[in-house]
Every structure is written in C-alpha cells, then in structure tokens.
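First chain A sits with chain B, and in the next complex the same chain sits with chain C.
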Partner chain A sequence: MKMDRRSFIIFSLGAGAGITFSPLPWKLTDDMAIWTQNWPWTPVPPEGVVTHADSVCNLCPGGCGITVRKVGDRVTKIEGREGYQVNNGGICPLGAAGLQLLYGPWRVQSPLRRVGKRGSGQFETISWEDAIDEVVKKLGDLRVKGQASTVACITGLDRGTVPQLFDRFLKAYGSPNFIRTASAGDTYEFALGLMQGATASVGYDLERASFILSFGSGLIEGWGSPVRVIKAHSVWRSGNKKDRATLVQIEPRLSNTAAKADIWYAANPGTEAALALGLAHVIVKGSLYNADFVKNYAFGFEDWNDSKGQNHMGFKSLVLSKYSPEAVSKITGLSAKDIVKLAQDFAKADRPLAVWGRGKGTLPGSLYECMAVHALNALVGNINKPGGVSTRPEVATQAWPEVKQDSTAEVGCSKPRVDGAGSNRYPLTKCLPERWPKEINENGGTIQALLVHEADPFYTTLDSAAVAKAFDRIPFVVSFSSYMDDTAYNADLILPNHQYLERLEDFPTPVGLQKPILGLLQPVVSPQFDTRHVGDVLMTIAKGIGGTVAEAFPWDNYETVLKETMGDKWHTLEKAGYVEADYKPPAWGKAFATPSGKFEFCATAFDKAGMRISKDMDYLPHYQPIQPEGDEATYPLILMPVELIRLADGFIGNPPFCTKTLEATELKGNELFVEVNPKTAADYRLSEGQHAIIETPKGEGKVLVHLSEGIMPGVIGMPKGLGHVGYDDYLAGKGVNVNSLMGVVEDPISGLCATWGIRAKLTSVLS
Partner chain B sequence: MKEEHQKGHGKTYKYGMVVDLDKCTGCGACMVACMAENNISFRKDDTNKLVSNFWMRVYKISNGLPFPDADISYIPRPCMHCEGHGHHHATPCVSVCPACATDYDHETGIVSQVYTRCFGCRYCMAACPYHARVFNWWDPRWPEGMEKYLSPDVSPRMRGVVEKCSFCFHRLQRARNKAYAEKRREIGEDEYQTACTEACPGGAITFGDLDNPEHKVCKLKDAPGTFRLLEKLGTNPKVYYTTTRDWVQKAADVYVGNEGNGVTPA
Partner chain C sequence: MSATEEEKKQIVAEGEPAQKHVPGEAAPEPGKPGTWEFLIAIPVFILGVVVCLFVGWVLFPAVLYCEKQQPIDFSHVVHQEAVDEGCESCHFFREDGSFSGIPKLENCSQCHEEAMGEHPEETRLIDEYIEPGKEIPWLVYASQPDCVFFSHAAHINMAELSCGTCHGSIGESDHTRPYQYNILTGYSRDIWGWNIAGIKKNTWDRMKMDDCAECHEEKGTNNACFVCHK
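Let's turn to the complex of A and B:
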C-alpha cells in the first residue's frame, strides 16, 4: 500500500485514538506509579505481641534501670525504667542506643581463634568445647610449670558476682593479678581509707546540696551515674530563683557543665588542689568552718604531738602559711578576690558540697588533690550529712566458702603482683591498671596469659604504643567480650559472653550513689548468637583444670551462684529487679575508723601501713603539682582529653546513633577536630577546619582544627572515645585515640595514674 | 478556622511542647530515643549534618564572646507543628506541598507526613524555616541483623521522600486504641507522651495539650519569659522554650550570625 500524506494522517489519528481508548497508557501509568513506590528492599518490620521487660543497663558504671519494649521476640526499644531508684524513667544516649549493640555486626557470634597475625582481625570459628579446652590446657600447663602467678585478669568492675568469680578463680588457681580498670573512684576510695579509715566507695547526696563546687567534674558529661546526676542538675534548676542551687565549675574548658554552671572559673589545669587549699585558707582564716566537726570529730587540724612528743604541723598551719589567696592566685590564674568570694559563698551556703573526679572520672587522678577537695567537705562539716558526702557500702550478700588453696595456689598468690600494687612502694593500693604495661616493658614483669572481661585495656589504657608492646609480650590473650572491641580484636581467643540484654547478672551500686542498691540484669531477649554466660564458662574452665581449682566452684551453674549469693534477697531481687539496703551514714562519733578514731586531715594511716613519710606536709592534703610529660620548649601546648556524653570512651564502643549525634565540629568524615582557642590558633597559624598534626612525647596524629572561645589559650581539647580498631567501620578508623597520645604519670603515693594532660605541639599541614 | 473544621467532630486537642533550656544539658538522649523510636536510618558517615537524618536535632549555639566569657546553650528542635494564623499564614510546609503529603490536623494540631504520597520535590524543606524536614537521599540500609530492632509502629521510609518529626503520632494512635477498647473518648496526659519527652534525663521537655488547662504544658507555655523560635515569621509554632539566659532568648529570633547581637552557631 502506498503511504501518502492523507493515509499517514488517517493512520496516525487512528493509532492515537486506538491507544487512547485502549487500556495500555492507563495500565502503564498505573504500573509506573506502583513501580516508583515499590521498595522491596525497604524492611517491613513484622508485627507481634507487644511485651515489656525490666532489666539494668551495664554500659557504664551508672547502672540505670531499663525497660525494653518487645515485639514478638525482638527488642525494639530501650527506655528508662519508671520508678527505678537510680534514673526513674530517664535514659542517656548510650543506654537508648543499646539495641544497636545487641543486633549490630560488632557482636562476636561464636568462639573465635586467631589465625592471622595478632591484630590482623583474622579469626576462625571454633566450637565451645575446643575453645574451653584450649584455655584449660594453656592455664593447666602454666600451673604445672609453676608459672601460675603469671596469669592476669582485667575486669571492668571488681564488685558484683562475675568479677568476684574471676577473683576467686585466680585465688584458687594461684595468681595475685586480679586487675580492675581505673577510675577516679579508686583515688577517692584511697582518700577515704586514709582520712576516714573506711573501706567504701564515695557517695554524694547531690539532690539535696545547695551549693555545688565541682573541681573539673563533668557532672552532666557522664560523671557518676549519668542520668542520676543530670536529674540532680534539674533539681538544682527547679523552684524559684532563690531556691535554686548554685553550681560552680572549675575547668579550663567550657564544657556543658561549665556552660550550665552559675559561675565558671577557668583555673589553670592541674592546679585544682591549690585552689581547694586556697579556699580552705579563707575558710579557716575567717573561722567559717564547722567548729563542732573540726574540734570534736577531726584530727590533725591543729598542730599535734605524736607519742614521742614530737610536734607536727596541722592542716590549719599548712593552709594559713602556704595558701593565701594571693599565692593561690599566682598558681591558678584566678584573682584573689574571686578566690575569697568563692570560699565565702561556699562556706556560708546552706548545704555546700565539693565534688571531685575530672571529666567522667575515667582516670584516677592525684591523691592529694582528692584529699584537698575532701578536706573542704570536712571543713564545712558535710561528711555523712544531707546534701553532703558519705561513705557508702555495698548491699550485703552471702559470703562464699573460703577458697581452699593447694600449694601451687599458695605459692602463686604470695608472689608480687605484676602491676606493683600492694608492694612496699604502694602498700595501700589494690591494683594499678595503668602500670602493668610499664612493668612488662621495662621491669621484666611477665604475663603469660591474660583474661579480659568487660574491659578494653588495649583501647582505654593510656600510652597505646606501650600497651601494644606489652600485649606483644603476652603469649596468650583471652577475651570474653560480647563485642569485637579493640582488645578482642587483638586477642588470641574470644569466648563471647551473652550481651547484657541476654543474660542474668547482678549489678553493684552505681558509682557515686549515696544509698546501696543492687540491680539485676535479666535476659530480656534470648541469646542471638552462639554465646555463653561468662560465669558458666569460667567455672567450666576451673573444672577442666581440676583439683582445688575445680573445688573452689562447688556450683552447678552461674544461676546457682547468683541465687546463693543473694540468699534471702533473691526473692525480692527477682521480683522487683533490685534490692535496696536500708543504710544511713553513721553519725560523726561512730563514722571514722582511723588510728585516731576521728576524721584525719593529717593521714596517720600512712604510718600504720609502713609507708615512709619524711615531711609533715606529706601527711596533709597539699598542692603537689602533677607535671604533664614533655618539655615546654618542644611541646609548648597542653593536650587534655575532652569527655563527651555523646561519645562512649570506656569498654563500650560508641554505637552509630550516638556517633551520629556528634557535632559537626567534633567529627568530619573520619577525622576528628581538636579544639583550640583562636589566640593559640593565631600563634601557630591555624585556621578553622584546617588539618594539623598533633604531637606529644607519646605519639602523633592527624586532626582537624576547630577554633573555640570556650577553651583556655594554650590548651588543646581532644574528644576521647574515637580511634578504635575494633568494632565495625561504623566506628573503627574514625578519628584518633587520644589515649595513644597520653602517657601515664604516676601519683607518688598511690601509684595510680594521675595524668590529666600532656604537653603537645600542633603543626599546621596543608590538607 | 479551627471551629469550622471541627464542627461535629467532638473534642479537639492541640498538642505541643515546652522545653526548659536551663534543664537541657545537651546530652542527646532525645535524639537517640527519637531515632530508636521512629526507625530513623543512619549511615557510616553521618558527619555532614546537611544531609543526615534527624527528626529531633539538638542545636548548639554560642554567645560569641571571647574566653572566658564565652557561653554555649543547646536548643532541642523537633518539628514545630506550626499552626499558622488562618489562611494567610498557613503552616509553611503544608501550604507548598503539591502532593497533599503533609497536612495540619485540626483535631490534634499535628502536622502529618505521608511518605507514600511524597514524591520528593522538597518544596516543604525549602519552606520550613526550622530545618525540621529531612530528605532521604539514599535508601536506608541497616547492617545485617540490625533490622531486628525496627518497630512495626513506624514504617521505614525509602529513598526519595521527605520525613520529619510526627510528635510520635503512632503513640497517639496507640493511646487512642487503648481508650477506645476501654470505651473512653479522652486521652489522658500520661497516656500520650513523645519518645524524646520520656527519654530526657533532665525532664527538660514537657508535652501535652496546650489548650487543656489541666496539662502541665498549658501553664508552662503562658509563664513569663516563654518564647518560640523565629516568632517574627508568624508560623505560630507549638513548641515553646524557656530560659533564664537573655542571650539565648535573643538568639531564638535571630539565629544567623550576622543578623545581630553577635550570636553565632557554635
């Protein structure tokens, strides 16, 4: 057929009409609409029966009560538990993100044995039987060879049944090396031991205090039990203006706490003890102290004579002679006028409270600084008083039968500890978690096998290079971690514990609480992977070793251990999820178990412990600067770690939700920012967002620069909690681990890590 | 307006929030609780805040003064659920949406977002003066196994749509269902609370019916010194703030650095 113009038009019109009236275009449009909204890859969360279950969060020592919302057998939300004594419904960002830790790819899904080089992250899956056999064989061999004392164990806490099982295991096995990770609580316990003769943790009655003087404590940055302290902060901010409590923050950086404080004093870092003593000077000089307490219940305030008739200096003479506002002003950089005013306001307040423990309290800190702050509390007589500071015991539980040691265990346990704690040099210190790498690297200390539970020493211990070197000298590292944390990543064997939402365990009183409360972790979800309860695994290992080691564990399983330990409290614990002890801090007349039976400004317990104290001043809280490492000429600046509540920096790696909430001036891509004052930046020709190399005597790293008016000139602030190698690329490889730039400066008395900063240099680099 | 819409529809609510900025510590629990509650996606690198997905975002602002007079404050910012004033000042996002994907519900005062209607033109994002709306530039991806924590109450979104804070509308639905089952018509104050309100450890957020004198928010919103963000724009937002710091209150209406008073984003 010939196609002329006319037939073409007719054909076209016909085709047009045909298509229009056919269902085709409509069908196609409809399909397109459906197709563009067809996202089969978008998950459709399955429906199910909704239930709720209570438990306790163990992601930090805060121990908040949590309620999980479940849909079917899945946990879909973690919320703060209403009515729980610690947090009453509130939750912190880390606690709320716990789901990501439960279901995330960083879980260790079965026992793993290292196959590649250490730290290469290459593991093979092995059976539980093989994994346990391997530990039994290794530990058994060491014991036979008489090397039992070369086994060490690092745990996150030392209270609670599971850490106690580890301690018991070592006792029965024959090693003195039970190490718990460090915290400011260690130093405070030490100070309480000296000044009050107490073996207890510190408790702060924050809620009832009316004037809170914080020596660098990141009160709302995750210090103490974070939700509880934030709640206390809200109490301080409630009521009308005259009822509101006053918060004063001493810190070189405008932290959230400093920003929330009524007054922020940026004292020179590391001079907090001098400031506390300067305040004491004003209080003593103006007779603003609690005369009843100081006169009747304290020792060493006035000068005193010992049994030989020798005269010793008291606290009063010391502070009056050495810490005048003018002298302290020179040290701290605060004006003498401010010091006098602060001291007067503090002493005249209704219920003043001085709190101590820098940042989140993850580093032990200086003993004398802690004692100086505690002495301030004593001066105003708030020891064991409402709104004050008290010693706080644990909820009493049933004691376990005495460990029967065979001769190997006896010999092993009598050997000196690898970290030097309890030695002649540090007779009063329980453990020195930051010190063992040095002992191994420099002083010929040996660890043949290291067991790690709920701790990440490879990441959290200062001076990462030294830690890695020490790890290299430990032939056998076993991690019991639920997550592929940095220590697990560098371990030889991983025997994964159930995650905290999957297991039963007791949780000791949250740090800083004034009342003993014992919480219960409950298995709110069935184990997601081939994991086992660490308590059961440890007992299986003990039974494998046999002899008295096996006999030390007469229980069938961990559940029996827990039930027996709780005794008559188990019923309440199981039902309510916690037990509280009825505890009231003792009155002043009965509160102090020191050699003098009084509160000791002058710690004579040093003599009792056989420590050689040469100068009178060394018995008293005084300012003994902890010098940051490095020489000023090479390293003109000072690096201080910055602890953020949105960035976990302990044995838990930051979950993605929390990392997402970091400010754009804290993390960019995989690079972290250091914070410097614009003045400092001008001195070193640094500008906002620019790359720089930060260098300290311990290491270096590439960072971005953020200019902030909130930090003291000369100080560099660096977020703590990044620079992981473990976990997954949601965390690993982001930023630099500030611990790798820091070194350990030991407290001369306690031997604990007193580091607060390190000298550093910041050099600009072009991209 | 409202009266006409609601004729014969029974009781109406006007849900809103009062945030005490003195109690807000910037901890971020509200953001995380919101992400967990509402199946909000996340990515390996979420540091570009222009494209990362927040329904509740806590902004950090500074007073711009030199050390040591510098000060910072945090401002939690959910969707403001703007009411507008009649037809001339309608809810900014609602008035521009060509797809009827977002609407102001006069029964609850909640601005909805219907993901399956949204075709991603992002007019609403341009219209929203609070940056409360976010666009899904990528398909949400959960690492293997992590979809297990997703809640069936909130549908996960897909690439190409806009999303925003719903005042946890699914919680209201849940409360309504419960009330219905118990043959009640009214929802109690405690029965419907947003995830951020519940999570806030400092109790800085109060949520409830702004029109109900028995609800805490009603009194709080009328307290002296209460303000809203960018009030001058006439959006009539339903999220109120209080603070004792003058510079923070000033910043609420002039948040761009050069606009005045030296207030800058931190």
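Let's turn to the complex of A and C:
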C-alpha cells in the first residue's frame, strides 16, 4: 500500500482522534500554563524557620523602630516595630524598601581603589589591609608635612557614637574640619540658641496640637520623623468635627499636605517670614497673645533700654509698624482679610502650633524666617507646653576621656575651618556644609583629604558643578559608604561599612521628637559581603597613624566604645532596643538661658557672640527677602524643588520599589517631569508631555512638562531625588538632579544655605 | 497540410474525460477500484489513532518526566519504630505554628552524630552530610508551587486531617521511591499524580488545585482564591 495524499489525511484524522483521547494535549496545556508562571528569574521566598528581630532604621533622621522578618538568615520583610515610641508599628516606603538596599546590586562588596579616571566608575578590589594602609600612609604623610588641618570629614549626623568617633579622630589628628550635612534642624537650633539660650534640638508635640500652621512643611511628605508625623496627622484627622485639629498649609504648590489641609494658602514663595510677622501683627494688635508669657517670661516684646540707656525697638513696635495685613498682603499675595482671619483662628485655638522647615526640611533655610515662626509660637505661649514646641536634649551618655593633643594636633585644630563656620563672620554656626566648595573654588581653601561617612555631598550639595570642581581639587577622597552612591563613585578609595541591618550602632533622638529616645541598630543579619564596621576601621586607621592619635582610641573595638558610652543604660538598650530619658520641658521660669534669662524676641545673644549688628531690626525676627539667584529678564520663572515621600533625596538613593511608585507625571522612563501651571505653559507655548529645556544660572537639563493647576503660575516644581550618577541602572541616569540646577544663597547671619528656589527659564524643544 | 476529419474526431475523443458521467446512467458497480480505496481508509485511520494513543499515553509521560534518586535511601519504617511521637517526632510544628517540613540536618545529627548501626546508608549519611555539616538535598515529593500559601497548622491542627490524607502511606515506606519531576514545570510528579490521565482513587493521589478545592467544598471551607493565593 502506498501512502498517498488521501491516506495521509485519513491517518492524520486518526492521529487527531487518538491524541484527543490521550492525556497529551490536556496535560501539556496545563503544564505550559504553569511553565509561564515559573520563570527562573522570578524571585522566590526561601523556606525555613521564621524569626523576627528588632532594630532601628537609619535611612533618614526619622529613626523608626523596625522589626525584621527573617527566613533562615535571609531578611524577607521590614516592618514598623509595634510599640516603638517613634513610629509605633508604622513604616514609610523607604524603610520598607530597605531590603533592596541590603541585597541590591549597588552594595560595595569589598574595599575598592579607583583605577580609571575619577568618576569613570572603574575600581579594583583590594584587601582591607591594603586599603587601611593607604589611608594611614596618606594621612600620616599630611600630618608630617604639617598639613593636618587640610583633612576634612563629612558625616550625615553629628550625634551618635560613630559621628563622634570621626570628630574625635579629627581632634586628635589635628583638623578643625568636621562637617556634617545641614538641614532645617540646624537653623531651628540656631534660632533656639538665640531666642531661648538653648543648646538643643527642637521638639514638636504634634500629637496634642489642635491648630497646626505649617509654613511649607511637607507634613505627610517626609518632614521630621516621617512616620511619626503621618501618624500625628491621622490623630488630627480622627474624631468628630469639633475635636478634629485644624491644619493650615502655606505653600506655593498643592502638595499632598496642602491637599489634605483644612485650608491651603498659596503665598508667594520666600515670603513666609512676612506672613508670620503679619499674623503676629494681628495677634499683637488684637491683644490675642498670651499676656502672662509675654509680660513675665519674654524680653524684647516692648521697646527697651540697654545698659547705656539707649532705646531699642521691640518686637511689638516692629510688627505693628511694618507688617500690617495690607502691607503683608502686598508681599505674600494673600488677601488682608485672610491674614486677619488666619491670625485670629490661630491665636484663639486651644493649642496652636506653628511648624517650620520647607518640604522634608532638608535645606536649612532663612534664620529670620525661622525666628518669625518661632515668635508666633511664643506669642501664643506654647513654648514647652502640651501641643507646643520645646527644646529637647539628647539621652545623657558617658563622656569619653579628653583627647590628648600633640603639638601638631593643637596647631591644626587652631586653624580656621575650611567652610568658615565659627569664624568672625559666622561665630555661632557649627558647620557650613554647602559652603566649602565655594571656599575651595574661589577663596583658596584647601582640602587634601576628605573622609565621607553616611553622607553623599557629591549628590546632595547644591550647585553640583561647583561641587564637582571642588572634588577635582581634593587629591584624596575616601568614602565609607555601604552603597555605590555618587560620592563613592567619585572617590579614590571605598572602605565599605556594614549596611545598617548588619551592624551595631546607636541612633540619636529622631528629628522633631519632643522626648529624648536613643535607639539601637542591631545586626539582624550577618554581613553579606567583605565589609567592616566603620567604627572599627576608623580606630584601626588611628592606631596605624600612632602617637596621640592612636592614644585617643583606647578601646579594643567599636562594641566596647558603644557599651562604655552607654554605661548603665547598655543593659536596657540591649534588651529593649532603645532607651528613653525621663524628660519634661522646664517651666517658663527656668526654661531660658539667654542673657536676659527670658525668651528673647530681641536676640541679644548676637552681642554676646561678638556679632556686629547695626540696626535694631536685625536683632528681631523680620522679613529679609532671600532673593533667588538669577536676573528676572533672563530667567523669568522660579524653580523650586518638590520633595516626595516616595523619592529619597538624601544620602540614600531611591530603591527600585520606591521608584516604581513614582507617577507617570513625575518620571517616565528616564525622563523627569517638571510641574508648571497651565497659565505659565500657555505663556511659553508648552503643552502636556512636551520636552523642554530647563535652564538656571547654575545649569540646565532636559525635562518633560506636566501641567497642573496646583502650582502657582510662574513657579516650576521639580521632584528632588533623581539624576544620580552612582548606584546602578535602576537609579543612575534617571531624570535630572535638581541640586545641579540650584545655587547656594547664604543666610546673612548663620551662613547656612537659605536657598528656597532659583530663577529659571523653560524652553520648549521638539521631541 | 491540414488534418483529416477522422483525425479531428480522434483528437476530440482524447480531450474528453475517460468516464464521463452522463445523467441518467447507472453508478459504478461494486468491486471496482473506488470501493476498495474506501475500505483501506479504515485501517489507516485506526493506525493513526493507535500511534497517537501510544504517543499520548506511553511516550509522552516517558519524555515529560525525569527521574532522580533521593540522596539517601531513608526508611520511615525503621524511624517510626525508634521514635515516640509518630510523624511529629521529626515533622513538627515550630513554636510560632509554622511547620518544619523535611527535617534539617540538625535533626538527623541528634541521633546520628555517631553511627547507630552498620547500615551503609547511615555510613553515607554521616560521611557525606553530618561530618561536613552539609544539608541533605532532599527532593520533596509534595512541594507546592511558590504561588500557593499552604498552612500545615490549618489542616492538621484546626481541620484535624491526618498526614496520610494528603501524603498517603509514605510514613510506612521502607525505601525512598524515585523522585520524578516534570521537565517543563519542574514540579514533582506527585502534584499531578502518577496517573497521567489525572485519575485518582485516593485523596493523596493528586495535589492539584482542584483537589484542594474539592476537599474545601466538601468540608464547607472557604474556597476563595485568596485563601491559598495570597
């Protein structure tokens, strides 16, 4: 029989029938469906014993308690720690994404030495011994040459044992240049020093406040200790209408906080101080202030005479003469009626509280603006009161033995700081982290070696071009980062620290908290790579240098340092994971350590510090506009950074989980959106989704345009936290770094960066 | 020279079909070639059916599944005799209620730190795993896919099912049986069941979603997707 066409068709029909009655098609269909669900690259949670361990998150100054869920030795989830005084079970997107920072590809896995051109990202792996030897040799040589004072160190915090070890190292080594990243907290500390004579951080009793007046603070966008503030926001929003707190937001953009507020006022940006003083005018004029506080515990409210009998203007005269609602209306753009109503509502509330610090509070801001807002708090008498604002000390710990300095160290430490802090011009300022690049580039300042710990100055310092130029003039940059951040990427040597889930360290009281609480970072997982604790590494370097530098570190290892520092608190700290201090803000009679012993509306501490203040007004909180850089003719618009809780913009790069949550009107592929009002867009012929070039006096970048009625005409909002060069493909090259477009405008008194925006222009380009 | 009339007729005749059907004439009689072809079609059809049944029922399972042997030939019988608490002696619930599953090496080491007898498999256990401290790479017959959340506590402690309801008589085995896995999905053959048609006689013959759902249906338990697919 021959297989012709007809036979073949008949055979095929039979085959079809046979296959149908066999399990093959049905089983194969099932298997193929399963096969598509089992791609080999799909991450699979491990199986094994589930355990939980408590620690503290250090990804921002918020210091939340965390509980880490582990399967075997693998961390599988980070949750907020229940019952922790700061966040009580809550966690923010960045904290939850901390796992990606632990296991992500941007970890620095061993000591690295740069081999290519700086910034090329070419490194070679070296041993710990070689890495430490290299630092010892370099720092040893500089010391021998009498250049000890040219070594600088930048850290993220200055509280806590590890930053203190760096400070101690520089003291023993012979350099005054311990620099720490600045924030709005610095300006507030400065204001508290002037007005209350306190050396303490600010604490807000947010939970008990009943009327919150926010001067641009992104209360649900990561301001303060983010989870704590969001929880406080929930408290304000709970209860019936009568019991609910009132939230008023002053901001030029409809942020989430503004959207959630009871009233949102879009005042002209940079005029917040004028508004605060306008409110003060209404409160003073209507005698709505706390008369007991103002009369008995405050100085400089009324006009006063100094010891020479010379008469000086008081706060009352200033605000009554210069900040009438009508005058303030012209400055801020708000109606006089609104200003009067807001002032009355604020002053008549049970527990009013004015909060300050733009966005997340990452930029220090204007000192007088901060003082004006603090003066509002003083007027309503909420200083050290429930629902008010207070000074908050740290948990007391054991002091370390005094550093014995040799002559090199003494000479080095007596030299002026490279950032100008503590100089005759800025005698009351501790650090000026935005200022050192300018000193190096323009004023002949020198840094021969820079040590960077838990800070990313290359990325976060404003005016990136100037920072890069200054970096080029520093021959030796050492990063202790656990991640390949932008500074590490541009460093000569990376000595990677254990990641925060792998190490032991104390964490100082979270920013803005009214109670002192010291948390403990615990190694909840064994080190994943060839990393070492930075405390141990620093002590090894000190011992390598020898002499009094080595003697300054009599401890065997960092753990001993921590235990000795904590003293009798160590047992509680180890067991509970935190220590709280029993602290109650002092009563008004004992609260103020100013020259007058009272709350000073008029800051006479300027005289004590030897600062030359010529005009009466300069002792008082007043409106001194911080002008954005650039001329209006060339740059008709104003660029302001927008801070989002879903976008980390500090020394931690945004993890992929968080980047995924950015909206399609914030980031599209690698392109960043800027937000502009449709009116502005019409003026410059821009449309939704169109490409544009944003240009400022400091730089330019290509962006996409997003139109929003929620931003003031003439203002451009740009998300802050993108445009990294370090990290990896999940972050590097995405968007534009807003810091690279901004410049540093110094506060005339503190020298801190008072920048809030910069003049800009937006030009449409064809896609 | 033109063709003759006869030649023309011939050409016309050749151009016509050989068996032109003329309406009104009778159909071809039986025994002629067309009928024979119809009969030969039946065995060809059957051949197609048989070949593909063979492929589907015999060849396909043979190709679809690969076989591996367990790292150690383990006897449940021997161990059941030596322990007091039955299955739970080694397959226990942890303090937090999670199930330990296949015992870790640490469990084995509690008794086999040193040899208890002379069985060659025990010697291998000690030499290859216990002494070097290497976990035994057991092949898990009942391993469910990662998209399934399965709680032993809910089934054993709350629903009071016996181990055998799903695992059959494995606790009575004297030798480990070969482990077969699907080359496409990587799943153990026990999930689909050893019967390639998926026909089951006992509750433990298959562990597919339908089997879970069937039992949930019978017991009146929630059968919503999220119960197992979190």
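FYI, the second predicted complex is superposed on the first by the 722 of 767 C-alpha atoms of A that agree within 3 Å, B and C clash if a C-alpha of one lies under 4 Å from a C-alpha of the other, contacts with A are read in each partner's own complex, and residues count from 1 in each chain.
By our rule, a residue touches a chain if its C-beta (ideal position, glycine included) is under 8 Å from a C-beta of that chain, and two chains touch if they have at least 3 such contacts.
Since the model is a prediction, treat every value here as computed from it, not as a measurement.
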Partner chain(s) touched by A:227 [first = chain B, second = chain C, both, neither]: first
Partner chain(s) touched by A:47 [first = chain B, second = chain C, both, neither]: both
Larger contact residue set on chain A - chain B or chain C: B
First, second, both or neither for A:401, with chain B first and chain C second: neither
First, second, both or neither for A:444, with chain B first and chain C second: neither
Which of chain B and chain C A:610 touches, first, second, both or neither: neither
First (chain B), second (chain C), both or neither touched by A:309: neither
Chain B and chain C contact sites that coincide on chain A, given as residue numbers: 37, 42, 44-45, 47
Residues of chain B defined as touching chain A within the complex: 20, 22-23, 25-29, 31-33, 35-37, 39, 42, 44-49, 52, 54, 58, 60, 62, 64-68, 70-74, 116, 119, 139-140, 142-152, 155-159, 195, 198-204, 244, 266
Residue numbers on chain A that touch chain C, as the complex places them: 1, 6-7, 10-19, 21-28, 30-32, 34-35, 37-38, 42, 44-45, 47, 49-50
Contact footprint of chain B on chain A as seen in their complex: 36-37, 39, 41-48, 69, 71, 74-80, 87, 89-93, 95-97, 99-100, 102-105, 220, 226-227, 230-231, 233-234, 237, 241, 254, 256, 259-260, 264, 266, 528, 645-646, 656-665, 667-670, 677-679, 708-713, 728-730
Interfacial residue positions of chain C with respect to chain A in the complex: 37, 40-41, 44-53, 55-57, 60-61, 64, 94, 96, 98, 100-101, 145-147, 182, 184-187, 192, 196-198
